[in-house]
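Pasting a structure here, questions to come.
Order of writing sets the chain letters: A, B, C and D. Residues in each chain are counted from 1.
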Amino acid sequence: MEFEPRIIAFFCNWCTYTGADLAGVSRLKSPANIRVIRTMCSGRVDPTFILKAFELGADGILIGGCHPGDCHYSEGNYKALRRVHLLRKMLQSFGIDEKRLRLEWISASEGDVYQHVATEFTAQIRSLGPLNWKQRFEQKEPKEQLIAV
Amino acid sequence: MAKLTIEELDKLREKAVDKLRLRESGENRGRVIVHLGTCGIAAGGRQVLTALLDEVEKQGIKDITVTTAGCAGLCSREPMATIELFGQTPVKYADLTAEKIKKILAEHVVKGKLIKEYALAVGSERVG
Amino acid sequence: MPFRLNIMLCTGTGCVSNGAFPLLEAFEKEIKKHELHGEVAVIPTGCNGFCAVGPLVVVQPDEIFYQRLRIEDVPFLVQEHFLKGRPVKKFMYTPPETKEPIPVMSDIPFFGKQMLIALRNRGLIDPENIDEYIARDGYKGFTKAITTMTPKQVIDEVKASGLRGRGGGGFPTGLKWEVAFNTQSDEKFIIINCDEGDPGAFMDRSIVESDPHSVIEGVLIGAYALGVKQVYIYVRMEYPLALKRFYRALEHATEYGLLGKNILGKGMDLEIEVHRGAGAFICGEETALIRSIQGFVGEAQAKYIYPAEKGLNGKPTIINNVETWANIPQIILRGAKWFASIGTRGKNGDGGSTGTKVFSLVGKVHNTGLVEVPMGITLREIIYDIGGGIKNNKKFKSVQTGGPSGGFLPESLLDLPVDFDELLKVGSMMGSGGMVVTDEDNCMVDMARYFLDFVQSESCGKCIPCREGTKRMLDILERITFGQGTEEDLVKLEELSKLIVESSLCALGGTAPNPVLTTMKYFREEYEAHVKNKKCPAHTCKPLITYTIDGKICVEKGHGCGVCRKNCPQSAIAGELKKEHRIDPAKCDKCGICYDVCKFDAIYVD
Amino acid sequence: MITLKIDGIEVQVPEETTVLKAAEKVGVWIPTMCHNDLFEPYAVCRLCSVEVVRGKRSRVVTACNYPVSEGIEVLTDSENIRWIRKFLMELILSRWPNVKVVKEMAEKLNVGKPRYESLEKDEAEDACILCGQCVNVCREVVQANVIGFSYRGIKREVVLPLGEQSDKCIVCGACALVCPTGHIKMVIEDYKGKKPEFTLGPKTSIYVPTMQGIPRVPVIDAESCIHFKTGGCEVCAKVCEPHAVNYDMKDEIVEIDVGQILLSTGYDIFDASKMTQFGYGRLNDVYSSLEFEMMLSSMGPTSGKVLTKDGKEPRSIGIVHCVGSRDTNHHPYCSRVCCMYALKFAHLVCDRTDAEIYQFYIDMRAFGKGYEEFYVRILDEGVKVIRGKVAEVSEVTSSGEYKNQLIIRCEDTLAGKILEVPVDMVILCNAIEPRKDIDAVRRLFSISKSPDGFFLERHPKLDPTSTMSDGIYIAGCAQGPKDIPDTVAQASSAAARILSYISKGEVEIDPVRAWIDDKYCAGCRICNNLCPYTAIDFIEEKKISQINDVLCKGCGTCVAACPASAITGKGFSDAQIVAELEGLLAI
């Protein structure tokens, strides 16, 4: 059966979550692989959650925040930007492809932008194939893991 | 002239009054009349007059007025002068020179003593 | 070496216009030529008073008076009198009736009856030399006031003297000062009124020209009494010589510490600022003068609150005429009793008019000039004794006192004593002292018209009665002098006068009708002549007179000489030699030349 | 207080009052012609002369400036006074026979034909009677001191300095106002190089902005008010009984602490000059809807009359719909209100003029209650409606003719023909667009905007009045174009919402908060300057950080950043999110 990527999305409650909702209300078609977690602000997304998600089998992570300057808490999205940049550098050392993590600014009125991002990201992850990051851990001895990387 | 105080103003007044004294006629003791008719001037009456005026000023005599008058008529004895002290008969002097007039001033005018040798005549022509 | 002779040469404006300054130079040149400059001094003095015979000289100490001197007389006079000491009869004053020259000035009748207080230094000092003023007890009154008297005592002294304003109103000066003294204010002002707009009046001018320091001393005493720091003098632009001499006097007084800060070391400060009047008669009135000083157009204000309480910038302001100020030093120096003993006294010993008054005697008298006479003197004494009677033995007709606000008094009132209240009683007023004598050749209606024309053009034009009323009266009078007057016009004149007097805003309007009222009262017959039979008895109103030649006299006596025909500018006379000449009334413009040139009195006017 | 008698009536007045004012107090009439309360009495006409008797002395004085004093007896109608007044009136009447003020006063004093003929007679009705009010108002009230009297005696005259127009004159018109005969006229012409353009601004320096304004109170325009120029005038302060005028009030920034904010900042209208084909701003008589609305209003520059720029009544008017709206180049959305106000314009123009009216529309959107009926009524009144978007407004017909009219070229899509309609006036229905400063306001209240630029509501269907931020509400055209009934409905709902919170007294804040566990907090202070709301303070004694509950908005940024994960986000704790992850990735 064809590989169905599992994508976890952290959407900020004020902008992206409402945008996604608008897309739904406006009957815009978008793939169902996106599994949404609502946080009060994109700044709330802790890098450990992302690693946890990859560990639990997620193939892609999408973070959605307000456009810079629109954040309900005025600076949350800037913090998220900083963390994602640092996290991307670490993913390489974990052997995870950088493209599997994506940060997008989607405001409450951009239902169509959400639809576009969702479809594109799902296709991208499907092309990358399953991560199965945890199984890689179990096959190798801890020491070899280190050497392999 | 610096700013005056009241005392200085009064002092200045005395000095100025003296300068103007000559303006008002009256309230002085007598008159010295130098006769400066044409012949009187030719005979040197002018010098006598200037000498007399210098002497009056030098001695600070305040109560005598010096005036000139016309020719007394005796041209040969010019320059002549008449001393008229109030209350006394006028005396005429003749053939005067600067020194003589100074002596007359000192003797006759100040001391009231007539100098006989210079005098020409006593009393005035207008008699009666 | 003191000068044995002082030549007091009058350089008042009157003599200056007759050439006094070139005369002064001629004297100095001549004296230098005879090296007499050590003994003989020429002193330019203020106005001597006897303007009719200017330019004039008084040789002191013998007080020999020379008159009508010309440049060409100077060499002879210097040599004859200054050098040789022989007074020259030719230049002396010879009264018309006796033909005998009078050498000594005080014997001349013109000066005889005068008593000098305001003009005490005229002709005796050089007005631009402060020392000479000080020599003649100058500033002694002021030092007496500032050292021995309190301000209150000074005011009481002025009140006791009975001095009244010499500007014309005659308001008791002491009373005015007392009002200002009692009004509390942080700042008070004194104004010297030298505007003197009356035509023919030049007393204030001569006072400032001959003795500016007497005015300054008077104001110093007033400022001491009232605690004034700032004085303004308001002088007409038409008095350049007076202005020059007053500025010079201010300089010297400031130099001597008599003006500016800490005067005479007594801690009193005083500044005198000169304001030049722009030639408006109205600015002689107190409130208009204040407006002019404040920079506004000179317009009179209602005087329901006197300037003494609220005047310049709303502060108490004492305004007095130049002559009033000139009297103050003598009052303080010689005491109020002495001053009150001169002039007239009321019934119960106060009031009346005390002291002397300066009159500018002008018109048809022999000795025109400036006379200072004690109050109470009669008009006849002024006109005949001092004035020397009417010129070219014409008949006296009237005398006008008080300028355009005064009135014309007939011969019947000649024995009236000159005094504030007496003059008011007969419808005239003292005024600033103008005294114009007219003779039979002056037409009273024309004189009234002239003064009304003056008042109408000088009225500030602010209030209806004065602006409109006087213009209507002027129109009526002009109609009368053109022979179109009607009986009813006379009634209208009286009505208009009553309205103007009662409802005008200021004194100018209030007194403007006086000339008309007095001429109608005392010379009614002239008005009747003009109105009823369209004739002008004094032959001045041209439209009403006609010149005709008496044919018989012209031929018999004059043999038709034709002199009048040749001289007539309008060529209105026709006729040939030995024939009777006739005047064509249409062409004749009544200039009167034929009447004057005809030696045989063949021409008569009616 | 001073007591005095006026015509036998006793009266008590304060110290400084004049006899005239005292007489007014007891109702005694005294004629005046040059008196004006604005400045010091000038006392030139003398008509107010009265007799003042003090003891046995009686004296004629002018009542307008004679100060009262104790115990005087004033006679305002004595025989002498009547004579003086009649005589003065005769003098005035004879010089200015036809001036209205003079004739009226002459009647009051029953003065017939004047006996004294005046050589300076001036028969003009607006002759200058030299009363001086203009000079005094210019000197004492306005304090510009420009005009004054000059010449003396009968030649007295009011003059400008050196006879020319002085630049000291601030054209305040005070002299023209006080002049009793109308001799001074205000001439509007090219003064100081400014052409009097078609100003929509206020006419006087003190004005009531709009009659319907709340509060309906006058306001002073500091640029044109004399007081701010010369320090003088203050006439408005003088005549205002309750002394409400205070010149030193300044604009002040007031800070008010509020719980909730309703943003109803309105809209701007689309600048039609961007669409050059309509010629707005280039051609005469092409008006925007707002300008035409101003022209229709009775307080407007033409006070309600419909006039072209050269003042004539138009014979035909064209109304162009959807200028800037439903236009991909400008605003794709429909401005919703233009159709209805266009019909209103047509109706009003029918009332006020008998001009031909053409409406150029795409769709006539008469959507509201009673709107369609109104549309039918307008059609009955003979308004011609043409379905077609206007292509161009020009002064020349396509055949090159110049008809001194505006030519509207459009395609009548129903008839399928190209039309060229000559009209005298064109009215454009400008689109409604968001205000220019909307982004700044939005960022201030941290709310977002919808695609068409207006404020974004919390939910387009279920909650159009509130916004994402709690306590911030929006109403009216700020949220999107709408007409008055909708705006009122929305505003009332916002107000009701606000009141409900206020009546409850306290506001529930949602439980989402951050909280620091003292045991784990190492005092590294990373979270202190992280918080945008400075809700985290450091406690020096305990060397740990603490969160202020009220300030914390619960965004969770600090929770994620805490290295010791000592901060837990209530409602969004780490455990909860991990549990969600596990749930989501279970299958």
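Everything below uses one rule, namely that contacts are C-beta pairs under 8 Å (C-beta built on N, C-alpha and C of every residue); 3 or more make two chains touch, one makes a residue touch a chain.
Only a predicted model underlies this, so the values are computations on that prediction, with no experimental measurement involved.
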item	value
Centre-most chain, if every chain is reduced to its averaged C-alpha atoms	D
Chain located farthest away, centre of subunit D as origin (C-alpha)	B
Mean-CA-position distance for subunit C and subunit B (Å)	43
Computed distance of Cα centres, subunit D from subunit C, in Å	69
Rounded Å distance between subunit A and subunit B, as computed from the means of their C-alpha atoms	140
Cα-centroid distance, subunit A relative to subunit D, in whole angstrom	56
Overall pattern in which the protein chains touch one another (line/ring/star/complete/other)	line
Touching chain combinations (by label order)	A-D, B-C, C-D
Contacting residues of subunit C [partner subunit D, same complex]	280, 282, 297, 299, 302, 304-305, 456-465, 467-472, 475, 492, 495-496, 499, 502-505
Contact footprint of subunit C on subunit D as seen in their complex	42-46, 49, 60-62, 65-67, 80, 84, 87-88, 91-92, 95, 115-116, 118-120, 130, 132, 148-156
Interfacial residue positions of subunit A with respect to subunit D in the complex	6, 8, 14-15, 18, 25, 35, 37, 39-41, 43-49, 52-53, 56-58, 66, 69-76, 79, 83, 107-109
Subunit D to subunit A touching residues, read off their complex	443, 446, 448-451, 456, 461, 468-469, 512, 530, 532-533, 553-557, 559-561, 569, 572, 574, 577-578, 580-582, 584-585
Subunit C partner contacts - residues on subunit B that touch it in the complex	1-6, 9-10, 12-13, 16-17, 19-25, 33, 36-38, 41, 46, 49-50, 53-54, 56-57, 65-71
